[in-house]
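In what follows, structures are represented as C-alpha cells.
Paired with subunit B in one complex and with subunit C in the other, subunit A is shared by the two complexes that follow.
Right after this comes the complex of A and B.
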C-alpha cells in the first residue's frame, strides 16, 4: 500500500534532489512540441523560469573511515557519519579516508584497534577537560563548616559541570573552616566517568562573605597559576596531572580585555 | 590567476601554453532534441531571427572548428568530448516518461526535453564548478507585471582539494556541488577521471586531469616510491589512456594550435639538414683515407729507421 502512495513521489525526480546547493529552474510556460530535425521555436515566454531549488547550503553528513584516534569522533578503523565539512578536513589531514569498500577492507587489516578504548565516544575529551580543570569551591568566611560532597557538587554546577555525588570520592582527611590557612590552597578529588575512567580534579577553597567590605581582594587569573597543596601527601597525584603553565604577565597590565586591546595596538 | 593555474604554469609540458594563457572560447549552446538529429547541423535558420547576431556567431563556433579539423585525432577526440557532447543537466530536471496523457481529453502526446541553456562565463576556467554555470532568464513577479531579467549564479567558495596521484594539495575556487561530487567519487582523481570533459568544463580542472593522465601514461608519479606507485596504478588502471591522447587532452583550441605549430616546425627542422654536416663527414672520411695510406708508406720506408744506428738492418740476420 505504501509503495502505491509513494510511487508518484519516487518517480518524480523533483522530490529527490541529491544536490540542494545548486539552482534548479523550470520553464513556467513549457515549450511546444517540435518535429524531429527542427529547432524548437522559443519565444520570450519560454525564457520565464521558476526556481525549483535554491542554492542555499544545507549541510549533509558524510561517512568516513578513521585512520587515527580523533577526540569526540571515534577510534581507528571505525566508520562514522559526521558533518561533511569536518569529514573533509579529516580526510585532507590524513586522519581519515573515504569509506569505500576497498578502503574499509584495507584499513581493517592494517590498523591497530586497541587504541583509546574509552567507555564512550566523549569519555576521552571529558577526561582531558577534567584533568585541566581547576574547581573553585566558595565557602563561608564567617560561619563554621566542614567540607561535604554537596559543596563540591554545587561548585561543579557553578562551573557548568553536572556531577552526581556518587561519582566522586572526597579527600581522605576532612577539611573544615573557616581557616585562612586554607585560602587558595589545593586538594584533589577523584571523579569516575561511566564507572571506568578515574580522573583527579584540582579543587581550591575560597572564602566568601555576604559583606562586601569583608571580602578578600580579587586575584587576577588565579586558576592559571600553580599553588601550594593542603596536605603534602597529594604530591603524587599532582604529578599525574598536566602542569599548569602560568602566562607571562607584565605588572600593572590592567584587566584582560584591555590588555588584549593594547597588544593589538602595539 | 589563482594558485592552481600558477602551479600548472611551472610544468614544463605546459610551459609553451602558459605564455598564451587561457582565453575564452565560443559557448556550446547547441540545442538537441531527444530522439532526433539536426539535419541542418548545429543551427537552424529558424532560430536566427530570435537570437542576437553576436550570440548566433558563438553558437556556430566556426572559428574553432576550422582549426580543429587540421589538428591531430587526439585533440579532435578531446574537443568532441569537451564542446560537442551534451553536458548532463544540472540546472533543470529532464522528464523520464516518454508519453503524456492529457487528464481532461485523454489525448496522448510525446514528452520532449528541451534543455534550458546554461552559460559558462570565463571565470569557470579558474575554478572547479562541478558542471554548474549561469542560467539567464526572466522572472514574472506578479500577474500584471512584465517579466524582468534574472541570472541564477552559483555560490562560489575557496577550498583545498587533494590529488592522490600528483600528491598535491591545491587551493581552488569551488562550488558545494563540486565538493560533493568529489566526495561521492571518493576523491578528486576518481572524479576527474570518471567525468567527461563537458561536465567538468573548466580548463584549469582539465589541465589537472591532463597532468594525471600523463602521469598514468608515463607511469611516473608518487615521487619515485615504487610500491605506492604500483598500488595507485592498480587502482586507476581502468582510466589509463595512450600517451598520444593524454598529450592533447585539456588544451584550449588556441593552445592546441600553438602546440601543433611547434611540433610541425620541429619536424620540418629535423627533416632539413644543413649541407655542412655532410661536407664535414666527407672531409673526415677523406682525411682518414689519407692517414691510412701515408702510414703504410712510412712503414715501408721510414727515415727514422735509417737514422737509428742501433737498429738492426733487415738483412743482418741473414749475413
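Right after this comes the complex of A and C.
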C-alpha cells in the first residue's frame, strides 16, 4: 500500500527538487523595434509564447581522479567516469580531484604508498562481505565422506559466490563423517583474492538426508549466532574476524501472516 | 361442476360437419407446447441474479506476472577471480561444466541422488523481425533422442503399424520397435474387436493401405494416422523409431504475453555419459532453431537456457551458442 502512495513521488523527481530544465521560447507576435534606452510597449498579445524545445536536465557522467581507495569505484591514481552527484561528493570530501592534465601528472607521481589499497576496485567489498560470511556445507548423513576441495567449491557456488579451486586452502586437519559431533560447528578456510588479499571464511557442516523424516530439525537464523569451533587451535583466526552479533530473541508467535492478523484485531 | 365442464370440452372438441368428424384438440397440442416453452423462458428471465462473490485479500491483487527473463546485460562484468554473482552479469557455463556441477551436488556424499533427471528450460522470443504486432504461434514437436532413456515410472509409447501385405515389411516394422504390425488381417482383427486401437499411443500406416483403413476410421477416431502428424509414410521404420525414442515438446504461451514462450524438457539422467547428454541437448537445440522465422538472429530468438533438477535450487545458465547448426 505504501508503495502505491509513494509511487508518484518516486517516479517524478519534481517532488523532491526544483525542476532543472531549460525552456527555449519564442514570441508568437514579435514586439516592435524601439530606440535605445526605451522599453518596448508590450501588449497582451506579446505575452503569447511558443516552446521551441524543453530539454529536461539529464545527469551526466564526469571524469574524476581518485586520491584514495573508494569501494566499488576505483583505486588511488585511477581516472574513472561516474555520476555527477557522486563525483562532486568525492571531490568535496577530498577523496578525489578533477581529472585535469596537471592534476593527473601531479598525483601519479605523488600518490601515498601507505594509503589503504586493494588489488582491484571490487576487492575491498568482497573482503568485507566474506569476513561476515558463513558458508553452509551440507553433507550426507548416511554415506561416509571426507571433505574435499570440490565440496567447498560447490557449496560456494550454491551460495552465489564464485571461488575457483586454486583460490582457497583447506584446513590442516582432514574432516570426515558422518559425525554428529561436527553438526553446526565451525572451521576456517582462507580465500585469496587476485593472489593478494587473504580472508578467513567461516564454514559450518550440516548433515542432510534425502528422506524428510530422517532430517535434522531446522534451526532459525543459524548463521546469525556464534557457535563452537571444531578445533581449539582456530581461536586465533576467529579473533581476526568481526564478531557475529546475534539479533534480540523474540518469542516465537508462529508464522508472520498470523502475527499481523493478531495485531490488527487487538 | 368439473364433470360438466369436462363434458362441455369434449363436446366442443369433436364437432361434426355433415358426417365427417373433425377433432380440434389435435391442433391444440402444438400450442400447449409453445406456451410451456414461453413459460420456461419467462422463468429463466425472472431468475434472481446471484450476487458475484467479491474477492478479498491476496486474490484481489492477483496480476499476471511477466515471465520474460530479466535482462542484465547492462550489469558490469567481473574482473576478479573471486566475486559475488548477484552484483555482476550472470555467468554462462558450457554444457559439459553444467553437467559436472550438477553431478557434484547430487553426489553420494552430498545429496545422494546420482540418478536425478537433468531438466532444462529454454526462453524464446516469439516476435517476428521488423514487425510490431505479429508473433509466432506456439508449436509442438516430437524430437528423437540420440541416446534414448527412460525416466522412473514411465514406459515407452506403444505403436501399432499397418504395413503393406509383405512378410518382409511386417518383420522390419516389428524389428524397428512396433508392438503389433500387420496388413489387412490386422484390420479384420480390429473390426472383430480382438485388437483395441485405444490400447496404443500411436498408429502408423503405409500410404498404400490407408484406403482400406477407412473401414475402421470410426473406431480409431482421433488416432487415425495423418500426414500432418507424421504417422503416414513410406519409411515406416524411421517413423516408428522416432516415435519410440522421441520426446514431446510443447511451447508454453500466454495470451497476456504473446511475444514470449518457453518450454521445459529432460536431457537424461545424471549417471549417463556426458557425450550422450550432449547429443540429446544438441537434438533439442537443432529442433528449436528450425522454428525461428527467417531473417531473425538466433541470439535474438533464444533468450536464455538454464539447467536444473528437482532436488536443488541451483539454475545454471548454459552457453547454447556452441550448438547452433551450421
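Quick note on the criterion: the second predicted complex is superposed on the first by the 154 of 266 C-alpha atoms of A that agree within 3 Å, B and C clash if a C-alpha of one lies under 4 Å from a C-alpha of the other, contacts with A are read in each partner's own complex, and residues count from 1 in each chain.
In the analysis below, contacts are C-beta pairs under 8 Å (C-beta built on N, C-alpha and C of every residue); 3 or more make two chains touch, one makes a residue touch a chain.
This structure is a prediction, so every number in the text was calculated from the model and none was measured.
*Asks:* If we overlay the two complexes on their shared chain A, which of subunit B and subunit C does A:69 touch? Say first, second, both or neither.
*Replies:* neither
*Asks:* If you stack the two complexes on chain A, which partner ends up touching A:52: first (subunit B), second (subunit C), both, or neither?
*Replies:* first
*Asks:* Is A:145 touching the first partner subunit B, the second partner subunit C, both, or neither of them?
*Replies:* In the superposed model, A:145 contacts subunit C only, not subunit B.
*Asks:* Of the two partner chains, subunit B (first) and subunit C (second), which one does A:160 touch, if any: first, second, both, or neither?
*Replies:* In the superposition, A:160 contacts subunit C only.
*Asks:* Counting residues of subunit A in contact, which comes out ahead: subunit B or subunit C?
*Replies:* B
*Asks:* Should A:225 be classified as contacting the first partner (subunit B), the second (subunit C), both, or neither?
*Replies:* A:225 sits against neither subunit B nor subunit C.
*Asks:* Would you sort A:25 into first (subunit B), second (subunit C), both or neither based on which partner it touches?
*Replies:* first
*Asks:* Could you pull out which subunit A residues touch subunit C in their complex?
*Replies:* Contacts found on subunit A: 119-123, 126, 129-130, 138-140, 142-145, 150-151, 153-154, 157-158, 160-164, 167, 191-194, 208-210.
*Asks:* In the complex, go through subunit A and note every residue touching subunit B.
*Replies:* Going by the criterion above, the answer is residues 11, 13-14, 18-19, 21-28, 31, 33-34, 36-44, 47-49, 51-52, 55, 57, 60, 62, 84, 87-88, 91-92, 98, 100, 102-103.
*Asks:* Which of the residues in subunit C end up touching subunit A in this complex?
*Replies:* Spelled out, the residues of subunit C in touch with subunit A are 78-87, 91, 101, 104-105, 108-113, 312-314.
*Asks:* What part of subunit B is in contact with subunit A in the complex they form?
*Replies:* On the subunit B side, the touching residues are 31, 33, 35-40, 43-44, 46-47, 50, 90-93, 96, 109-110, 112, 114, 116, 132, 135-140, 147, 150, 152-155, 160, 162, 169, 175-177, 179-180, 183, 186-187, 235.
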